[in-house]
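When the chains are written out, they are named A, B and C in that same order, and each has its own residue count from 1.
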Amino acid sequence: MAIVTMREALNQALREEMQRDKNVFLMGEEVGAYQGAYKVTKGLLEELGPKRVIDTPITELGFAGLGVGAAMAGLRPIVEFMTFNFSILATDQIINSAAKMLYMSGGQFNIPIVFRGPGGSAFQVSSQHSQALESWFAYFPGLKVVMPSTPADAKGLLKSAIRDNDPVIFIEQERMYGNKGEVSDDPEFTIPLGVADIKREGKDATIVARSLMVPVALKAAEALEKEGISCEVIDPRTIRPLDIKTIVESVKKTNRVVIAEESHPFCGVAAEIASEIMERAFDYLDAPVKRVSGVDVPMPYAKNLEDAAIPKVEQIVAAVKEVSYL
Amino acid sequence: MAANQFKANPIVAKSTQDMRKRTPEPSRLGAEDTSAAGVMDHDAAEEVDARLDPTQAVKDAQKRRFAELDRATLIDIYRQMLLVRRFEEKSAVAYSAGKIGGFCHLYIGQEAVAIGAISAIRKDDYVLTSYREHAHAIAKGMSPDSVMAELYGKAGGCSHGKGGSMHMFDKEVNFLGGHGIVGGQIPLATGVAFATKYKETDQVTLCFFGEAAVNQGAFHESMNMAQLWKLPCIYICENNQYGMGTSLERAMSFQDISQKACAYEIASEFVDGMDVLAVREATLRAVERARKTYLPTLLEVRTYRFMGHSMSDPGNYRTRAEIERHQERDPLKLFSTSLKEERIMSDEEMKNVDDEVREEVEHAVRFAEESPLPAAEELFTNIYADPIPKNE
Amino acid sequence: MATQVIMPKLSPTMEEGQLSRWLKKEGDKVSMGEPLAEIDTDKATMEMQALGNGVLRKIFIQEGESAPLGQLIAIIGEPDEDISSFTNQAPASAAAKADAPVADAPAEADAPIVEKKEEAEEPKPAKPAETETPASGNGSHTPAPAAQPASGRLIVSPLAARMAAESGIDLRSVNGSGPGGRIIKRDVEGLITQQGSAAPTAAKKQTQLRAVPSPGQKSAINAPSAYRDEPASEMRRTIAKRLVTSLGPVPHFFLTTEIEMDRAAEMRSGINALDPGLKISINDIIIKVAAAALLQHPQVNASYQDKVVRYYEHADIGVAVAIEEGLITPIVRAADQKSLSEIANEVRELAGRARERKLKPEEFIGATFSISNLGMFGIDEFTAVINPPEGAILAIGAMSPKPVVRDNEIVVRQMMRVTMSCDHRVIDGATGAKFLQTFKKILENPLFLVV
């Protein structure tokens, strides 16, 4: 165990898995010589060589498709998007090829590929570079969608994603690369996909949060504890397939739930979770499910406006009080 | 080959131009010369027309190709072309009768392209193509039974009825699919070629697509990566001159597709797609380049589809006279005439082959008819290779 | 070998096509891929290409005619080939084929999906034992008596509702402390503590009674009625299919009139007095009168056939007969040509065999006009559904004495209301009204029958 940043944890996962399986290769813009736009791939080129760590031209559709093709022929590509904003250019290959290949081929061609990179809001990069796209990808059967919130989760989940035999969308949070935490150095340390983590136990209200919102929710829980409200914080970690069981069990215990997310509310993941809770735990709810989402506008540049667009501790606290009739 | 094949890394090479000057590896240098020559293989539109109206030189070339091939190979090529023709005719009938649903894009008229090109590769080489792929699937060695059953949406189909006309796959024969988005298969094929090079095999990948796909970004992105990273992929543009109902002239600013390879320094050739042996020969040259030097090639193969874009195509965008003009150069007719002239096959032998392939197609239809519908559970299988049990 | 040219499927949604133009005529040479005809589909006019080589030997449908998918529309064969087997079989086999892909195939394909969906349904959140409780919880929602505000709607969180039901707490007595007076968990919790543990048992009992009422229980049950499923008979299915095909695509309109029946009744008793063996009914007279009126109004004795309107020479009157499994309409052919006694005998005989299910198809298929009489059930007036492709149907109500004004005096007359349902594609309002006027005139003065 050592305290490392999420950036380092991801780097360890990449290194360990590439050392473990020579069919794993990494490609993307600036992943090699530049050492990664966010330094997640630092040192990998020198260590593993240019055959395994490949700098691509800025050609997202092209290299995403190339990755899927390589996966069809037996390799296990890791495709880095410098940010997930650019994955929008590659969605044809992710959705029409990667997600559907196994089904269309009647089970003949699975696509073991990881599309990874930072997503969500960054710091003052305005509308085109601050987007939470998980609900796009989670919409499609055939894709798995993972969003870690701690360095340990990042490492364990990325290793599982690389070993997984299906296409995995692995969305890191740009603002969280520097967050620190304890991380195992056991090369066999993995965290299974599809399993939620209870980040904090509680009995009065449930807060479901993912990625950037997990630390925010934990702070909110701390504040509420002082007021005598005990909150359970659940991080689904994998958005698809979603561990709804853990969430529902918590709701049955607390009877009230707030779902926090940095993405837009409309057709978002929180909306889906709310719907599942309503279907599975209607009779256990003492209050309507409450969402705390990013503001439903493109991300602005100005610092004050940007701040206003992303959910804060106070909003989660207020939402928990609302569902607690306080 | 080794790690030095991957020289995109800016530390290692500043640009291809520099690299060529500084590190002229003999094998690659040769290929690059071919590349240049390839690009200059044809000059202008007049020459294109000239090829469609054979000169003595072209005729001599045809004779030479015949002489170079053994009788069994020639007969097999003829048999494959006929099989595909009969298969597609039967598909049309089955579609008309409502046995086949959805879209159904027929290959009639283009047989020389798939058969000629695929006859030039090995069984362990890869083929990817678009949604007009019944012929490629059969030529690559898939059983007509499983292709027809897939068209019928039956459990006996290669994709168990989940793919249909546009999505034939067979892992056994390295047929990696029909793909439904125009140009979508081009990056995929590039990736397959990437994988074979990564694994240091000498397999090559054939990537077929229509001329309309050339306008997609996927084509240009793939061309760039293929030459940048020296990937053994052979891009075969089946220029049948219409993207659905839009003629090439109405869709492409510069229509000399083979010349587009210049932009990427990729070797290219313009090929008469109605002459099966010409397609085969051009593909052989490209295959050799790919196997020996990992270099890609772009072949523009001029062909023509005799039927509509799909079975639901009203076909009002081209005249009957135009279709008939092209039918004079029906690839099957051209080849069978030559086979007779060269005394490779007699009328009777041809009749026997026709009877055989008809029976093979009838068998496929019977197989498809008798094959059961996919079981209801199939709806929920093959979504994930590693399914995570639903968290109830 | 001859190639059968069938109406091809030219688009994924096409169900039938109209032959807009033959591009070849009988005797022309055709080859594979050559355009044979132009077909109007639901999407576009498309060229149909020949799928065989030879000579166009026989054309079965003419330009302007439509055919369902799969129907044989032509034969391509060698000039000297015997194609008699196709020309003989053509219509029957074509119809049989046509049905298969259009109607049956999609059904087949849909079935597993539907089934599977049900199987795949997420398990219900509550276990069977628990399902009763929400029901009783909902019961407590029922618009409430005096204690509640005028709106009567009880606002309660799902959890509180369940807890109250389990504890036998009457939510109407609870004051909600949530937003808008919503009754929430803590409101119910407070009461549970007060109540102690006796209540729940009683409540459970009550819940069970409500959820599974015993047969003798007559109290108001709000739940949907119980039912049992029995397979629909072939006949019931055919009725369903026919009537749906009717009300769907057939634009109905209705005309009602009231007819004085005293003279018709007099005539009936007069005739039956002449020969007691005759047993003429009012219905027989109605049939005869309808036939006579139809001959005067050929626009009503007609049917709309896709692209053509068909007018009939004779009035073949379908008479709806209720039988055990449903109904059937045996036909009195050329009722206009027949005497009342012939009609009476024929109707009796047909109805008898109808009840024994012994009618031949030609005896109940292909009427030009139908009559449905529910008078014997005391129905005053009703509307009937047209049996396509017929153009109209006449619904006859009961004959009953009613006060009417005649010559400025109120008198009692035997009155009968009839309603004609018309297919507006072939019969217009005035056309139908004129027919009904004639029908009424003759029925009120049956002597017109012999004029």
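To be clear about the criterion, a residue touches a chain if its C-beta (ideal position, glycine included) is under 8 Å from a C-beta of that chain, and two chains touch if they have at least 3 such contacts.
Since the model is a prediction, treat every value here as computed from it, not as a measurement.
Q: Need the most distant chain from chain B, centre defined as the mean of C-alpha atoms.
A: Measuring from the centre of chain B, the most distant chain centre belongs to C.
Q: More contacting C-beta pairs: A-C or B-C?
A: Between B-C and A-C, the larger count of C-beta pairs in contact belongs to B-C.
Q: Centroid from C-alpha atoms only, then distance chain A to chain B, rounded to Å. What do you get?
A: 40
Q: Quick check: how many Å separate the C-alpha centres of chain B and chain C?
A: Averaging C-alpha atoms per chain gives centres 54 Å apart.
Q: Which integer distance in Å separates the CA centroid of chain A from that of chain C?
A: A distance of 55 Å separates the two centres.
Q: Could you say which residues in chain B touch two or more other chains, in rising order?
A: Counting only residues that touch two or more other chains, chain B contributes 390, 392.
Q: Residues touching two or more other chains, restricted to chain C: which are they?
A: Residue numbers touching two or more other chains: 122.
Q: Looking at the complex, which residues from chain C come into contact with chain A?
A: Chain C reaches chain A through residues 122, 125-126, 130, 133-134, 137, 157-162, 177-179, 184-186.
Q: Give every residue of chain B touching chain A within the complex, in rising order.
A: That would be residues 3, 5-12, 126, 128, 157-163, 167, 169-171, 176-177, 179-181, 184, 186-196, 198-199, 217-218, 221-222, 224-225, 228-229, 381-386, 388, 390-392 of chain B.
Q: Residue numbers of chain A touching chain B in their complex, please.
A: Chain A reaches chain B through residues 25, 32-33, 45, 49-51, 54-57, 59, 61-75, 77, 92-93, 96-97, 101-110, 112, 141-142, 144, 164-166, 192-194, 238, 241-246.
Q: Which of the residues in chain A end up touching chain C in this complex?
A: The contact residues of chain A facing chain C are 248, 255, 279-287, 325.
Q: Which residues, counting only chain C, touch chain B once they are in their complex?
A: For this pair, the touching residues of chain C are 6, 8-12, 14, 32-33, 35, 41, 43-47, 49, 51, 69-70, 97, 100-102, 105, 108-109, 111-113, 115-116, 120, 122-123.
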